[in-house]
Structures are given as C-alpha cells and as structure tokens.
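The next part holds the structures, each set out as structure tokens.
Okay, so chain A shows up in both of these, paired with chain B first and chain C after.
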Partner chain A sequence: MLDLIKKYMAREKGPDMLRRPAIYSLGQAMVRYNLLKFPYRATAMMVEYGLEQTKKVYNRRLPFVWTSAFFPTELLHAMGIPAFSPEIAAALAASLGFQGNFLREAESRWWGRDNCSFHRCAIGGLFSHYYPLPSAFCASSHLCEGAVLMFGSLARVYHRPFMLLDVPVEQEDDSLNYVIGQLKQIISSLEEITGITLQNGKLQEAVANAEGTRRAMQEINELRRHPYSPLTSREAFSYLYLNFTGLGSRAMLRVYETLARELEERIREKKTPEKPLRFKLLWLHLPPFYRNNILEYLEEKGARVVFEEFNHVYWGAMDVSRPLESIAGRMLSHFSYGHISRRIEIIKELAADYNVDGVIHFSHWGCRQSCGSLRMIRDSLQKEGLPFLVLDGDCIDNRNYAPGQVQTRIDGFLEMLA
Partner chain B sequence: MGQTAWEEAFWQRLEEAENDFRQKNGKIAWFCSYTPVEIISSCGLHPYRFSGKEGTSYYADSFLHSSLCFFVRGCLERVLKGEEKNLEGVVLVNSCLAMSHLFFALQKYSSCSFSYLLDLPRYDSQPAREFWSQVLRKFHRALSKYRGIESTEKELWEQIYLYRENRRRLQQLYERREGQVAADGHELIRLVEAFTILPPADFQEIYEAYSRDIFNKKNTLNGPRIFLTGSSMPGGLAKLIHESGGVLVLDDLCIGRRILQFTGEPEAGEDPYSFLARQYLQREPCARMKSAGENLAKLEDMLKKYQIEGMIFFYLKFCDPWYYYGQLLKEIVKDIPVLILEGEYASAGTGQMRTRISAFLEMIR
Partner chain C sequence: MPVAGVDIGSLSTEVVILEKGKILAGIIVSTGANSKVAAEKAMQMALEKSGLARDNLQYIIATGYGRVSAPFAHEKVTEITCHGRGAFSLDSGVRTVIDIGGQDSKVIRLNSRGKVVDFVMNEKCAAGTGRFLEVMAHALEMDLAEMSRLAPLARKTVTISSMCTVFAESEVVSLIAEGYPREEIVKGIITSIVERTVSMANRVGVEGTLMMTGGVAKNAAIVKALQESLGIKITVPQEPQVVGALGAALLAEEGLEKKEG
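Entry: the complex of A and B
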C-alpha cells in the first residue's frame, strides 16, 4: 500500500493531494484499520498522530506555526497550537520521491545547491503553495543557523511574525535567565498572534509529558543496548518526527511508552532474527531520506547501526514545578551545541555504552554545524582506537547520491574493521 | 586616477606603521567586528583585526570542512603556516557557525596561549543587552586573570573613549559624501582597516596626516556613484571598483562604515559593560542578526540621500547569513541596478571579477 502511495506521489500532480485535509482523514482510517503495515504498534500510533496534526494544519481552522527542528514545542502543545515542521516535511517529501519539485522551485528563485537541501525543499514547498503558510515562524538559534535565516527570510517575504529563541552557547545562570525571559516573551507573542491564551497548569502538563517522554526514551535507549534489540536504525530514525514536533504532547509520551513495552516484550521473546553480527556501528548526524540502501547494505555485510547520535537523550530531568526553567535548561544542554568537545565527549560515551566497533558520520552537504569540525572528531576517536568513516552526501537531494561510491567506501571501512 | 606624491607617501607611511605593529608582542587577533577591542586594550594587550590569507588554503582544508566559508579557512591557513608572528591570543565571536568552528580549530591547533569565544546575542533588546554585558564582564575578568593583573573599570572607560574618538574621526569622513567626493570609498575602507590594526594613539597620528590634506582636496572624482555591501570580502575588491571607473561613495560593511557606529554617550550610572553592550548591539546589524531584514527597509532612503546609481553586493561562497540577506536585498532594491557577486576570499584581482564590475559600471554610465 505504501509503495502504491509513493508511486502516485511521484506523478506530477501527486503532491497536490497533500494540501487536502481529507487525505489525512483517509490516512488515519487506513492506519486504524491496519491497511498500512508498520513494524510496531508505536509506529502506527505515531503516523496516526502525525496525520492528525497535519490535517489540522491544512484545515486552517486554527492558527498554526512553522517550527524549526529544535524549537521548544512544549510551549505549543501547552497552548494547543499545531506546529508544522518544514524540515520533517522535506524528509517526508524525499521519502515519497517528490523533493525534486520543491528543490527546483527554490533553485529557480535564488537558493542554490550550496545551501542545506532541507531548507531549499521547505522554501520551494512554500513558494509552490504545497506547504501551508503559517500565522508565524518560530525558530531557535541553537545548532541550525540555516533555519534561523530561512525562517527570518520567509517571514519577511510573507509579512508574518518571526519569533526567534536566541540560545547562548554557555550553560550558565545568565544564559538560563536570558532564555527564560525570551520564552515568556514568545508565549505572550503567540497569545497575541493566535488569540489562544495559555491556560493555567497547561505548561506544567506539557513539561510533565516531556519528562515522561524523556524517561521512556531513556528506557528505549537502554533496551537498544541489548543484543536482541530488534529496533533497526531506519525504524529509530522514523521517530525523529516526534522528537522535532511532539515533545510536550501526550501523544509522544504514549508512543514512546508503547514502543518501550513492545521492545521489552520482543527482547524477552527473542523475536529478533538472529543474523550473524560482525560489527556494531554508531551513526552520527541524519541519514538520507530518499530511497537508498546504505543501512541495508551495512546489514548485508554483517554490520549494524546500533545507535544514532540524534536519539541520545541529552537533557536532564525536567521539573514540573518550574516549567520554563526546565525547558530553557533543555535548550541549553544540547550536546551538539556549544564547544565541539561537548559533542565529542557524548560520541565517545555513546560508543562505549553501545560497545561499537566504528563510527559513521553522514555529512549532509550544507550543514555547517555538523560537518565543520569533523577533523577534531576524527582525531579524538582515533585516540580511542575507534575507526571513523565520513560519508559525504545529502539527506534530501538525491542528485548528490552515488550508490556505487558509497558502497566502495563502506566496503573499505568494513575491511579495516575486520 | 594616479596618486599624488603626498598620497603615495601617506599610504607608504601607513603600511610601515602596520608593519612595525606586526613585530610587537602581546598581540590578540580578533575576527568579527562585534569584538570589544576596548576590553582587550584595557588589559594592556594589542587587539588587531585578523584577515584571512587569500588564495587556496591547503593546510586549513584538512582541519575545517570544505563547506565552511573561505574567510575562516583563510584565517586558519595563516595561523597554521606561521605567517603571523608574535600572536599571543585569539578572540572570536560566535557570529556564525563558521566562526565557532574556526575558534575550535584555533584553540586546538594553534600555539596561542589565550583563546576566548564571545557569546553574542542575535538581536538587540534590553534582556539581550543585559546578557551581552554579562558576557563582556566575564571576558574582562578572564583576560585580566590571564594577564595576572587587575584591570579596572576606569582603565576600560579610558580605552572606550580612545576608540570612540577614533571612530568619530573616521565617521566624519563618511559624513561628507552626499555630493561630489574627494576620496574614493576604498581609501576610507583602508583607513578603517588601519583603525582595526593600529593602537589608538598611532592611528590618531595617521588620521591627522590624512585628514589635513583630504579636507582641503577638491572634489574631483567622477564616475557612477556606487554603494558596496555584503560579507567579509577580499581586500582588493573596493579598490577594484575604483580602478574600473566607479566612485565608491558609501559602504555597509563590517570592514567599513558599520564598525564606526559607536559614538553614543554613557547614560547616568551606566557601567562600561552595559555601555559597550548597548553600543555594539544598537549599530546597523550584520546579516546574522534578527534585525538585518528590518534594516533593509532603511536602505532605500540612504541610497536616495547619497544619490547612489548602482549597488554591488558581494558574498562569500558558503556564507549563509549574507546569502539569505542577498535574497531579501534583491527583492527590496528595485530602483537602482544591483550587481551580485559570489566569490572566494581571493578573487578580487581576478579577471572575471574585473570584467563583471567593468560591465556593470558601463551599463550605469
């Protein structure tokens, strides 16, 4: 069924469907009646939730906002404002095979191929009227600079408010207070723009959901260390949708709790197909979202990505009685933000926790943040005796994907590990 | 467009003064115009603006990713090749991701004994100013500690006034440009460069020598009146406009006019950090600031006021903030022709750049 949908979407008018709310209701019904197959009940729940959120956005009955990947969505869930993540939408477009339409649209206007394709795809999607125009653009400054610039630029072109959460690099009291002040300001701006008032206790509820989610994610990450853990890296990456848009929602909490239970059960029953595993690998940054066989090729060769940097739970326990402080603390504690040594330490920690034989960095062209200091990561991992492979590529734009070249590099890397 | 004997002697003298400075000990390199040079100077060190090595960066490319801009790779190249003598420390601002990565690389791979990264807010607001003033206070403390001295607020105020005076002097040169101009903008940019390299007292002498004659010089320059804006750029680009027959009347550059917008007075009871924070944040913004887009709205008035006939916008390849700014600029500036140049940190002298600028100026004429 999924293949049929992909085939239809690849047609010229296919993406038109995306603008019709009814298509999301249909999708929800298909999930509910098991017409679409998912590896886990949790995945089905996530898809149903995603369809519901997207339907709300395209329905346009409620004001909604665009959010960048690391914006604190707890605020939005507390206020009941739907969020649209253009980066996730870019990944979805790539997985359905019609990202080329959006990329070409952006490139014909100004944005060239040296820019991040997540953002080019989002720009093209909006300019060609496939992506919905929001009431406001909300971005946070940490990690991804391109999103800040893109959101600011689009807000100006479409005369919409641009809300920027400026996150300092140092984790100090001044930084915390600065972020808390901005969060308060953003809440009052959102109230003004959307006409929705933040109700008493709702922010605490959202933070309680986020805290529950954090614990469930930690449980899942712990289960993934088990030799019989069945969750593949591709499956794990699919939950990024929730990480980017769902934190603070009841739905995300339920999805992750369900996933934790399902994993526990499968491990207990040893349902995992026991393929001989030669090498365990850690994946840094994101994978390509278009059709590719990198992860499968690794498995074919007896290597498996056992964990991904992006699924690491980097923030500490959230205090429901101090919701803004907890959210600000989460923003400031991202391991990939600030000094590169923070990221390197976490990579080393994850490599030890998951007992990996090697580390792969997928270097998304245009992502200055993740690629900038690769040499330092390499040097540090070398000191630990950990082989490190850098795969240059693009997460969205498949024009830069050369399967043969990637396979040759993987072969060389695995030979070195042997 | 040849230089008079006086002009030749002046520029020669300026170069010698900069070369003398380069031999000094206790130099602290800075890379972004938001760096509070006053604090560095108040600790008895010599702050100076570091510019990248133009051309291919063979060494740096193995330390910084090839999708980072040529400016940061050029800067690292110069340090790694040991071209910069007596460099004691580096101070960077997290103005963009490329700058942050440059900081990590310099800290790890250079032999500098002091390195510091300043956490610059992305917009100007009261909370942002308070935050930035705390960052500056901590920086002053860290630098004093490094030097093993007690640098006082009084000493800091002295440096603030010294630098402010020189900024005011240079601003005077920028103020007299609505009509015909006597000095081309590339000369002003060169003077601003000297201001960012030389100690304040040395610069003052240089400025006086220049201004004595320039204010008496007749307004003789003719040619299309050009406005230059964009990212960091190779040194020769502004001069190339002049050599191609244009008159560079005004710029919106961090290596030019923008760094001079620091001329206000302290408010009653204001400490030096709050004053510095306010001055640095309220100036016309770099493209990385949230208000950069808003500031574009003011551009049209300025273009009219200075009777600008053409605009040249340069951005370094892989510089995201200026790339996005360029798109907005293209949408907003409709009344005058705009030449958009994308380049590396080395292309000012290339034939391609020269040809494009010449063709643009010819079109305006």
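Entry: the complex of A and C
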C-alpha cells in the first residue's frame, strides 16, 4: 500500500491521488480483506478508521477542522466533525519520505527553519495543496504555542475562522469555569460554521467513549509493565494518530480495547521477546518519523523503550453526567503544562513504575515545551541515580540526521548503563 | 597475554599494545581517506615495534568513529568509554575528561571507580573541534604550532562571531584583509573554541581532576585558555592522542580476563 502511494507520488499524479477519496476506500478495502500486514488487529482497525476519516476530510462537500495536538476532540466527535491533525499528517509524510518537498515549500515562503518541523511540514503540505483546507482552525493554548501561532496565521491567510481554547497556566478557583465557558463558545461557533447542531446526549456519548478509552489505555499501560509485554515502542508510537485525533470517538475506544485484549492474550501465551532485555528505558517526547532505526537499534542492543511519556494517562476519571466539566478538567490536568515540577514528578513516577534503567529525551528542534527544561529534568533524574541521555534531533526534517553520531551517543549511553 | 586497543578517529588512528598493564607499543598515524587502511597500517607498525605477530594478540577492541568498520576487532566500544577508561588509568583522581579530536568534542564525567556517569558531545558539526582549528590555521597561513606560539602575544581579542567553520573561515579571511594583527585573530579563534568547550563542561559539571585528551590537548594555547576560563588546572598526559586507544587496550585486558574467567 505504501509502495503504491509512493509510486503515485513519484509520478506527478501524487497530489491529485492524495486528494481523491477513492484511494482511501481502496485502502480500507485492502485492510478489511487482510491484504496488508499489521502487528495487531487493533492496528488494522486504527488504520481503517484513519482512512475513513481522511476520506472525509478530502471529500470537499463535508465540513472538517484542523486541530492542534492537544485540542479536545471530544467536542468534534460529539458533533461528527472530522478532525485533521497537521502534526500527524507531517509524521505520515515523513514516514513516507515526502516531507522534504513540503518543508522546502514552507521555507520558500519564509517559514523559517527554527519553526517546529511538524508545523513547517504541514504548512508546506497545505500551500502545495496536498493537505486539505479546513472549515476552521482549532487550537488549544496549552503546551504547543507554535500551533497557536501557525493556526492563527493560516486562518488569516485563508480567511477561515480560528478558534482558540485558552487553557490557563496557573490553576485558580475559576479556571475550570473559564475553560467550560470557552468550550461552550467553541461549540456554538462550530455549529454556526458547519451548520451541524450538537444533538442532545451526543456530548455525553463522546465523554463516555473518552472515559472508556482512558480505562483501556490504563489497562494497556499496566500490561506493558509485564516482563513478557510484546508491544514495542515503535508500535506504541504508531497509535499517536488516535491520541491526537480520536479521543471521544467510538473507534478509538474499540481500538484500545482490542489492543488491551490482544496484549493480554499474547502475554498469556508468553509470546515473549526472544532476546533477554539488558536495559529498560523510558522515552521522553517523540521519536523521529522518517526512516531511522533508533528504536530498532536499541532493541538490537538489548535495550527496550518500555514506555513513552506521551502514552501516560494524565487525566482522571471523566464524569459522563458532567461532560464539559470533564473535558475542561482534562485540559487543565496536563502534567507538562505549568510548573516544570509537574512534568518531573510524572517522569520520576513512570521511571519507577516501569522500573527503567535510564531515560532518553529526544529533543526535537524547535519544540520549546519539551526541550525548555532539560537541565531541571536531568538534575532531578540524576538525584534518583537515573542516567539520562539527550538526543538532539528532528522528528520530521531528516536533513541533519547523522545516523553514526546518534549511534555513538546511544552506544556510549548503553555502555554507561552496563 | 598481549592485547590491543585501536582508536580510529576522523583525523588520526592510534594503536596501543598492552601486556599486563604495560604498554609495549603506541602508534599514531593519520587516518586519511580510508580508515581500514590506516588501522591496518597502525597495527602493523605497533606489532613491529613490540616484536609481536598478529596471532599473539589475544583480544582487540576498536573505538573511534571508524570502530564500526574496523577490521580485526573482537569488540567495539565508544570513544566515550575508552577516553574515560584511559584517563582514569593515568590518574585515578580524574573525574572529568575533555576530549577534543578532529570532528568531535566531548566532556565525560567519571565516578570514583572510573565509570562513566554522564557525558555530552558537540552537536553535529566541526565548530569547536580540531578540524576547525586546522581550517583557521590554514586561512591564516600558519601551522598549529605557530598558532600556539602567537596566541600569548595578543594584547586584544578579535571576536569571531561565526560558529560555522565555513563562515568562520571567511570571517577570518576578511579580518586579515582588514588588517587585524594575526595574533589577535588567533586569540579570537581560540576564545571561540574555549567558550564552546566551557559551556559543554558546565553542562555535565566539572569535578575532581580535569584531564584533557585527544589531539587538541597538544595545543598549549587552547589548554591555557581553557584553564583560565574554567579557573582550574588541567592535567594533560604525556601523549593525549593515544588515551582513547589506551582505554580500549585496558578494556581489552579486562575483556580477556572475563573471557578466561
């Protein structure tokens, strides 16, 4: 399938192909008839769902929105508005090897190379008509300020509405109500823009899905602590798409419930990693999405990333009878937002829960929120006696990727752990 | 039971042959275009010097960027571990090692048992490394020894603002054209390397004895400026360039002991 797309992209047909919903139907059929190989049934389900959603955003008659990574998608699923995540689109482009053209397109229009490449790539994709122009741009202010600026700017360029959910940094008594008020406003703006009205009970349904998903995620995370857990980090990272766009959907709930069952089964059958693990590692922030073998190289050396920071379930139980309050509460509870001590506490907690031997932070060029406080993270981990490796790099832009240099740092780190 | 350590760096390749902790031979050759050829050559020279045959070597560890494609190595270990190990063997008070080579610079922290506990490496380019110095020396039409000699004569420092080797070179060329005294430009070049190295050292934190290894440790002007900037004395071993190969050889001895149980 990927080869197929690549072949089409290689010819000039590329952009046209991508925008043709039929290609996604074809992909769906291939998944359904098991013509593609996936490590888990859950993965196949996710891909099918992803293709379905993508087909919708390329169907020019239906409204859809661009959402930033941390925007509450429960609202959209309640209303049946598809979400397009530019960060995921960039990751996908990188994994297919298309990112170069998009990045150059954005750069030639003065989007500087110090901007996060997830965004630079998405902008290039939009400018060159690969990515679809949405009915509105929806961003939340927490964590990623780059998305806010980019969405705001694109909204002006394309004369589309820009919706910003302002999540306060400092939590005060009225923070929750402040966010709830905005959620209500966003819902009514979305209704106005798309002509879709939020039906009674739909928000509750979305929150129930989100709550079920939360529990399934917790179950998966718990299963991953098992020494026989077969889920590799590369596989875990492939679910990023759902984490960014799926919360509140029935599909995400089903995928994660399926994954939990499958993991449980495989652990029970002891389909273990063949090689004994020398080291267990915790991964902070994201890995590169272009062709690279970093995670595989670690596995080859007997070191496995047993958990990733981004898979941590940071929010508490969601109350279906109070949907907006639950969503607002989730927004306010992100551990990386606010004082750095929150993130550090969670990192330490995860390191202990997963009994890791070391922590790797992939410092993605241009990401202020994740790289801004490395010194403090390092100092705290060192106090716990936990070795810490900072890998500088870029998740999307591979122009500076030097495999040999990354390998030396990883080798040196593993020698240090030995 | 003789063993060997081979350090295949971007500019130089070293071989150290060791028997019961005693150095039988230490060889430095330049790496040139083909690292395998350089490694073979250095090994041959070291064997001749120690009067041994290849078969006498019981265990060989390769390090340096060329380690991955090293011929004849039983094991590959990074420069980080090898420089740490080599430096600690020369002085057990060493807790911090600064290795500046041709294309990499790194600061390594050791614990009281000589084990690496932290390290940082320069990012991806030649700025602040030996190669940078060589390019600048070339632009100034002098050799490294002359650079070292000139630096103390400077009464002022000309700031070199470019980090990139290519830009810094053209900056140096235009400074020469503008008529700045060469010693002041030299001082500026040294300052730029020192500043980079100091910020790396501060990242891991300097403690205990600080030893400098790698070819740039032979550059007296750099060592002196680093010392002044860090405010502590820097120990430079007699032959800093072979410390990586020495560390590899020591690890080879340990590896052999383990193998023989």
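Following the convention adopted for this analysis, the second predicted complex is superposed on the first by the 400 of 418 C-alpha atoms of A that agree within 3 Å, B and C clash if a C-alpha of one lies under 4 Å from a C-alpha of the other, contacts with A are read in each partner's own complex, and residues count from 1 in each chain.
One rule holds for everything that comes next: contacts are C-beta pairs under 8 Å (C-beta built on N, C-alpha and C of every residue); 3 or more make two chains touch, one makes a residue touch a chain.
If you're wondering where the values come from, they're calculated on a predicted model, not measured in any experiment.
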Per-residue contact with chain A, leading partner among chain C and chain B: B
Which of chain B and chain C A:387 touches, first, second, both or neither: second
Contacts of A:178 with chain B and chain C, given as first, second, both or neither: first
Which of chain B and chain C A:291 touches, first, second, both or neither: neither
Which superposed partner A:376 touches (first chain B, second chain C, both, neither): first
Partner chain in contact with A:402 - chain B first, chain C second, else both or neither: second
First, second, both or neither for A:268, with chain B first and chain C second: neither
Touched partner set for A:412, first chain B, second chain C, both or neither: second
Touching partner for A:278 - first (chain B), second (chain C), both, neither: neither
Chain B and chain C contact sites that coincide on chain A, given as residue numbers: none
Sites on chain B touched by chain A in the complex: 62-65, 67-68, 94, 96-98, 100-101, 104-105, 108, 117, 119, 121-123, 127-128, 130-131, 134-135, 288, 290, 292-293, 317-318, 320-321, 323-324, 326-328, 330-331
List of chain A residues in touch with chain B within their complex: 109-111, 114-115, 141, 145-146, 148-150, 152-153, 155-157, 162, 164, 166, 168-170, 174-175, 177-178, 181-182, 339-340, 363, 365-369, 371-376
Chain C-touching residues of chain A, taken from the complex the two chains share: 382, 387-388, 390, 392, 400, 402, 404-405, 407-409, 411-412, 415-416
In the complex with chain A, residue positions of chain C that touch it: 65, 68, 76-81, 115-121, 123-124
